[in-house]
Amino acid sequence: MSLDTLLDDFEAGQVTRDELKQRLMRHTFVDAGCAKIDLHRELRAGGPEVVYCESKTPEQVATIFQEIVSHNGRVLGTRADVAHYNAVTKVLDARYDEVSGLLVVGDPHSDPGGKIVVVSAGTSDLPVAEEAAGTAEFLGSRVERHYDCGVAGIHRLFSVMDKLADASAIIAVAGMDGALPSVVGGMAAAPVIAVPTSVGYGASFQGLAALLTMLNSCAPGIAVVNIDNGFGAGFMAHKINNMARQQTLK
Amino acid sequence: MSLDTLLDDFEAGQVTRDELKQRLMRHTFVDAGCAKIDLHRELRAGGPEVVYCESKTPEQVATIFQEIVSHNGRVLGTRADVAHYNAVTKVLDARYDEVSGLLVVGDPHSDPGGKIVVVSAGTSDLPVAEEAAGTAEFLGSRVERHYDCGVAGIHRLFSVMDKLADASAIIAVAGMDGALPSVVGGMAAAPVIAVPTSVGYGASFQGLAALLTMLNSCAPGIAVVNIDNGFGAGFMAHKINNMARQQTLK
Amino acid sequence: MSLDTLLDDFEAGQVTRDELKQRLMRHTFVDAGCAKIDLHRELRAGGPEVVYCESKTPEQVATIFQEIVSHNGRVLGTRADVAHYNAVTKVLDARYDEVSGLLVVGDPHSDPGGKIVVVSAGTSDLPVAEEAAGTAEFLGSRVERHYDCGVAGIHRLFSVMDKLADASAIIAVAGMDGALPSVVGGMAAAPVIAVPTSVGYGASFQGLAALLTMLNSCAPGIAVVNIDNGFGAGFMAHKINNMARQQTLK
Amino acid sequence: MSLDTLLDDFEAGQVTRDELKQRLMRHTFVDAGCAKIDLHRELRAGGPEVVYCESKTPEQVATIFQEIVSHNGRVLGTRADVAHYNAVTKVLDARYDEVSGLLVVGDPHSDPGGKIVVVSAGTSDLPVAEEAAGTAEFLGSRVERHYDCGVAGIHRLFSVMDKLADASAIIAVAGMDGALPSVVGGMAAAPVIAVPTSVGYGASFQGLAALLTMLNSCAPGIAVVNIDNGFGAGFMAHKINNMARQQTLK
Amino acid sequence: MSLDTLLDDFEAGQVTRDELKQRLMRHTFVDAGCAKIDLHRELRAGGPEVVYCESKTPEQVATIFQEIVSHNGRVLGTRADVAHYNAVTKVLDARYDEVSGLLVVGDPHSDPGGKIVVVSAGTSDLPVAEEAAGTAEFLGSRVERHYDCGVAGIHRLFSVMDKLADASAIIAVAGMDGALPSVVGGMAAAPVIAVPTSVGYGASFQGLAALLTMLNSCAPGIAVVNIDNGFGAGFMAHKINNMARQQTLK
Amino acid sequence: MSLDTLLDDFEAGQVTRDELKQRLMRHTFVDAGCAKIDLHRELRAGGPEVVYCESKTPEQVATIFQEIVSHNGRVLGTRADVAHYNAVTKVLDARYDEVSGLLVVGDPHSDPGGKIVVVSAGTSDLPVAEEAAGTAEFLGSRVERHYDCGVAGIHRLFSVMDKLADASAIIAVAGMDGALPSVVGGMAAAPVIAVPTSVGYGASFQGLAALLTMLNSCAPGIAVVNIDNGFGAGFMAHKINNMARQQTLK
Amino acid sequence: MSLDTLLDDFEAGQVTRDELKQRLMRHTFVDAGCAKIDLHRELRAGGPEVVYCESKTPEQVATIFQEIVSHNGRVLGTRADVAHYNAVTKVLDARYDEVSGLLVVGDPHSDPGGKIVVVSAGTSDLPVAEEAAGTAEFLGSRVERHYDCGVAGIHRLFSVMDKLADASAIIAVAGMDGALPSVVGGMAAAPVIAVPTSVGYGASFQGLAALLTMLNSCAPGIAVVNIDNGFGAGFMAHKINNMARQQTLK
Amino acid sequence: MSLDTLLDDFEAGQVTRDELKQRLMRHTFVDAGCAKIDLHRELRAGGPEVVYCESKTPEQVATIFQEIVSHNGRVLGTRADVAHYNAVTKVLDARYDEVSGLLVVGDPHSDPGGKIVVVSAGTSDLPVAEEAAGTAEFLGSRVERHYDCGVAGIHRLFSVMDKLADASAIIAVAGMDGALPSVVGGMAAAPVIAVPTSVGYGASFQGLAALLTMLNSCAPGIAVVNIDNGFGAGFMAHKINNMARQQTLK
């Protein structure tokens, strides 16, 4: 029963005030009519149209993509493989990036104005870094990439120091010892989102070592996302970049 | 030898080009003259004057505080106890908050304009939440606190939903199951900084359970700091809030 | 030697009281004749006819199924694959569900009357949720399914709140952050059985994160089963539902 | 603004239907007037009046107790020490049990009719077992205790086998190897709530060994609560026992 | 240089006493000629002729087998697959057991007289149990097998209680909750060697749960070997059985 | 009802055969009359009179000691402190060893004949080594101690190699790297019981490092007990030594 | 712009001193033209030309190899497979070792003079031991190999004791219990680099057990590298060996 | 029986060749006469006179110190407290450093010539860094200290870059994120010994985070010692420094 029907019934005296109160408490109204979708969009402000493809069949992904595109005109798929792409491209005009596994339909959101910088330690971190960069770009942010800047050759990082200076947010991606964000955090004014990757072997324990390093960073202004979670980092960075725009608009 | 002296010698022919190149490569010049202090300030933009008191003696803290205040006029101490306060208050006009363990001398930095909201799950998370709030306030941000909003009584969180809507950044503090940031992240547009606390017993493993929950949150736009690291969360939130201001100023 | 033979011998004076006592103490009679099976059924009240298929060959499963069906008329197989199904279907009239991996011969047990509700966080949790639901149904319970109710979009859960109100037991299935049972436990009067799934990546550590979250839930009235253990949850929920019936019958 | 006031204003035309809908969606009404407490009671059916005392001062506990007793007439405190008791007993007529750390004011809830059996492996598990038993009793359940029944002397457990037969729910408490629930689960028809305790040394890792044992139990019909969480087990068992009553009443 | 040659030279005056002493101290003679093998046998009394096949090529295994058989007349291979068997059987008269992965050439050692009992919890533990049994048999011990005696159906264990009474050593093999050795240890006078298996899923963590259970067993007279280490258990049990014989011979 | 009464009633026709069978199945008779104690002794052959004192009050220990001594004439207490000793010594003639924490009343059991050798790596392992030695001595075994034989100075171990040759069982105690049992196991024919101790710091993780080392020992004929579990090792070694005697007596 | 060009411009007056200083501070010159490679060589003294092949395509490896060889005349690839070798061998004269996975182009560096000894516990440790040996050899060190010296047959280690005496550095490689470095460290004057391997099963946890053993070694003069990190050990050993030479040259 | 006596008896015909061979095999001669002490000194070349004081009484330490000083003239005690110092200073002329806990009697060993540099990340790492420095100094090495060089302010590290250039070995001490050795290893030619400290909180897990970071360092030429093991690092560094001297002397 929709909220309107309920209030109609209340006004018509067919529902007592006590009954009304009891129903309100239980339902919270979110599933009243089309409010569900609207609220959904409102709740996940900045881009709810994201589909995690990995555990879904190509057919499922194609169906979900069609549904979302019919409402929103655009959609982003993460952890997609070629089979997903093939299924989607039959019914929609899609772009696919094999490195990051991102599958996109439609134009990116409008640019909030600021810049996000993605730095990564090694070439093996590329897929995660690209997932982060591509996600932020889909959401509308401008992204600058500086890869292969690991701290074991610290000069490589210094050569991009200038570029960090005017970023709204920095995404620092590293596996193995995960030391990159600590050094970046000590050099830049922007908030740093650290992404541990599962790159490494032995006692890297699939990214646990890098995760712990980043959580224990001595440099302030660093927060961490899950191992290999480029999507999460890109989304977080965009939210920060977006905040800047919203403040500007006020 | 300062960079100027070195270049003087090079121009005077007392240092060959090869020698010059070798020295440049080794020194990187950052400690040339007073650049060290300047760079230092630049590097840790937004507030370098923070002292971690826990492993220092009251006398050490008092000395460090005096030195920093003589340069910057203000300083923040974290994890301070009453003994630290007593030592500092003899020589400086200090304010101390027993719950958060923050020890402050001087006025906060100027307000960048936005608002940070701190929500916490239970009353036991108070010290960490207050460390986060107090840190952000010292750095200049305006902070709004909403405590005791754990998801086991989800209505408590809904009652503050309005307040989350216009935040630049949200800090969500929780121990035990650490589920609060997941729900907050699904409801708010602002970036969420999740702080796991060591509150709990048994298989909470001193905050490990909450940490893992937060890293695995299904809601996008969440990043995590170390267990009980209220300071780190406050600093990160301020950096985000500050970004917004900087964009506005451009 | 069966218990009857032993007692015959005792009555016939061929076994002394001392001998009888010694044998009773050692043997506990469970392997006396067909008593073994009877006791077995008694001990594991509510359905002992369950076969874990995963590590067994199709032939072994077919043989075991035939043996149990010849005694009990029904049997449930868990973690079965198509090969198991093919082997069993040659000799018995079997039903197989590919999603849950459940393989059933015979009618379910009689319905104890109450209702079990299964809620799950995401579509990837489906196999585990269906294993739980199918197990409870085989044991005789009525089951209601509400899937894709993760807390990152909390309104999805609220839309099924009414359905939780009259359940005898609730099964809450979630991977990643595992926060669902905490919210459900705060909203429902029925006991909640939490099932962590291995869905997730990075620091989910194959379900460890969700497991710890659930064990540390702040909401009372929650107990947890092993990671991905839909069968265990379904069995536990049925036992609870069954308890209700037994009390009614007294 | 309370829900009644809001509905008054709506009926009086001072609040439009759209305004009303908007407010309902945001607030969920739970903090409207005294509704908060009512809902609270409804949500956590069977006893919300529980205070975790450990991290609170005696004065805080006394204040909270007075407030709850003034509304509900009764309250249960867990993990209380003598200081908490002394503070409460000055203002209220309280009972305190040093072994379990339970602090009670007022009469228990009314008895739902069934019986809960608490079995424990060793005498060192007593505090946890008593916390479970006392919690269930406060909530209104009848509880039977059988302690020191560890599986290393399996006959001790068999001597209480009869008592398990007519329980609505069984709580099995064990530290060290945590094997008790596996054996109990194989012998009894009632659902078993397993409670690992931190009793043990070396590779028991403060209860982790027992926790893992119980999660991996081969016997069906077992679910597990957090290490040393007697309160959680007692609450869960009461909810199960209560379910039985509710079915009876229908 | 062999020990005999060295002593010959010493007696012939070609090696001084000092030289002799120095060589003895450094070399310990073990690599002097064929002494190495002899010492080897002495050191690892009861059967050094064991080859771990898993990480070796079929050709390597065949070569090693031939070498050992030419000296000792017999050899045992563990973790062998069919390819190993095929390679060995071309050059030697070998027996292979697919379940345990044991590959044997030659007759077992002579029987020390006592009896080893192997009990296992489930049918999935069979490969490990058989590796233990086959190893002990190769070393000369008589072995009695009682499988599928898990504690979730405790009567199955009681039915073999008599058989445990006269064992020299008991090997108890179990995965999942690993509770079997605790119950066996409480019922039998013989020393119990507990073998955790990697059988299980979820929070069994590839046998870690069973390992911890066994290490924390409340029953005395239990010691534990590595996860899935049937060979180690069989060897240990044989050493115990052998000790009994040696005492008898004195 | 005792077993005799039950059989009387059966013979008198007051209990039917069916009733008798049903009771036998349920009760297993172990608690029938004084059989409980007798069985107890039988089950835990070789010495059930052991009391773990650590978590008990001095008064409780004194009471339990008196009860056991009145039945058995002797008792062993482990992990006792001076307060336990003082309480027991008031009522019984007790001996106390501060290093091992063993508290003994009465004479040891009779000597089975063989010899147990206890070797330890460092002086810090003394308390655990002494707990092992004292336990085995109380149970009747003859024990030889060789301490401070760590592998970092391998010659110290070689100097006792002769003594290992005629042991029935060897207990090897080590903390830190826990490498001692591997070397001992390669040199001796007797079964080796490895005891990891919590001696060490940093990544020893309270004995976890030593535990894992020992479980992974390359030398066959080694089994492991819990961290710091000297009692368990002493008991296991005595059981092995006892086996040897029993075989001799046959 | 290269450093030379910059200095030319400075001398020519086209770059002011202030501009020069600013550029020096920011860039550190390392990416100025070919300076990058030079500095690189200086920084990672003793051999920067190492390529981790595992996560790279054969084409990528071939390209990188060509580039490095064109500058340095030599290059080392680690964790290479046959496909990498095939791709490289088409364009360069390469040597490939299947056991260690090392892929080499060009002559080794010049010999610093000392000797590195590599000892390993078992034949399964061969790939890691060879990666260590081959790396050190490529860097110019002379290497002596002694394999299969595990401590379970301690005499095997003693037979190579002489060889350890004049090593500049010792690399001790072991899986399973990882006890080898402890014994070697107690016997040799040279610094010992311990390499845990992932060889083992069950509670070896892919090398974690060996890693912890080595970190907790009681013998002084031991340091540890990552699990299976033969390359790291070879590099470290060469650096030590190289140090010796450098001291000699002074 | 000493080796000489044994050889006398052999030459005198009182011991047969077979008897001689058997004894040689068993004894390995290391404890023949005074060889034990000599070997001991030889085995632990560079300084065996180190006493770990932490778990010893002041009296024990004083006794051991006297004994060693009477043989060697010097001794080093680690992890000593004031009570140890007081006991030793009564009988010997001792020096004590409260920060490092080092207690020294006698002059340091003679200087091998090279230089060891100790760098540390923060002031809280001082005790561990000083234990490392003091140990190396006692063993005879010259040590240079550069503290508070954490990577969060990377310029601090660059200011000491020159000093790293001519070190024989570098000890890099860091807690929290443990990133210091990675950056140092990328800048210096000398081998780096990384020491993780337990400094930090939350997910530093008492130094585990720093330990894993260091083991996974991307920079080659780094090896790691146990958490807080300053002594081990100092010893290892000295051994490396000493190697350099030994090569020089050849």
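We just call them A, B, C, D, E, F, G and H in the order they show up, numbering each chain from 1.
Methods note: a residue touches a chain if its C-beta (ideal position, glycine included) is under 8 Å from a C-beta of that chain, and two chains touch if they have at least 3 such contacts.
Not measured: the values here are computed from a predicted model.
Chemist: Give me the chains shared as neighbours by subunit C and subunit G.
Modeler: Neighbours common to subunit C and subunit G are A, B, E, F.
Chemist: Of the pairs given as F-G, A-C or E-H, which one copies A-G, with over half of its contacts the same by residue number?
Modeler: A-C
Chemist: Farthest from subunit A in C-alpha centre terms, which chain would that be?
Modeler: F
Chemist: Please identify the chain with the largest separation between its CA centroid and the CA centroid of subunit B.
Modeler: E
Chemist: Quick one: subunit B and subunit D, Cα centre-to-centre, how many Å?
Modeler: Distance between chain centres, rounded to whole Å: 39 Å.
Chemist: For subunit B versus subunit E, what separation do you get between their C-alpha means, in angstrom?
Modeler: That gives a centre separation of 58 Å.
Chemist: Taking each chain's centre as its mean C-alpha position, how far apart are subunit B and subunit C in Å?
Modeler: Using C-alpha averages as centres, the distance is 49 Å.
Chemist: Check each residue of subunit C and list the ones that touch at least two other chains.
Modeler: 28, 30, 39, 43-44, 152-153, 186-187, 202-204, 208, 211, 215-216, 219, 226-227
Chemist: Which of the chains are touching one another, listed as pairs?
Modeler: A-B, A-C, A-D, A-G, A-H, B-C, B-D, B-G, B-H, C-D, C-E, C-F, D-E, D-F, E-F, E-G, E-H, F-G, F-H, G-H
Chemist: With touch defined as at the start, can you tell me which subunit F residues reach subunit D in the complex?
Modeler: 26-28, 30-31, 36, 39-40, 43-44, 55-56, 196, 198, 207-208, 211, 226-229
Chemist: Which part of subunit B faces subunit G closely enough to touch in the complex?
Modeler: Touch residues, subunit B against subunit G: 3-4, 7, 17, 20-21, 24-25, 28-30, 32, 35.
Chemist: Where on subunit C is subunit A touching in the complex?
Modeler: 123-124, 152-153, 155, 158-159, 161-162, 165, 199, 201-204
Chemist: Spell out the residues on subunit E that touch subunit F in their complex, using ranges where they run on.
Modeler: Interface residues on subunit E, with respect to subunit F: 43-46, 50, 113-114, 168-169, 186-191, 193, 211, 215-216, 219-227, 231-233, 235-236, 239-248.
Chemist: Could you please specify the touching residues of subunit D with respect to subunit E in the complex?
Modeler: Per the stated touch rule, the residues are 121-122, 150-154, 176-179, 182-183, 185-187, 200, 202-205, 208-210, 212-219.
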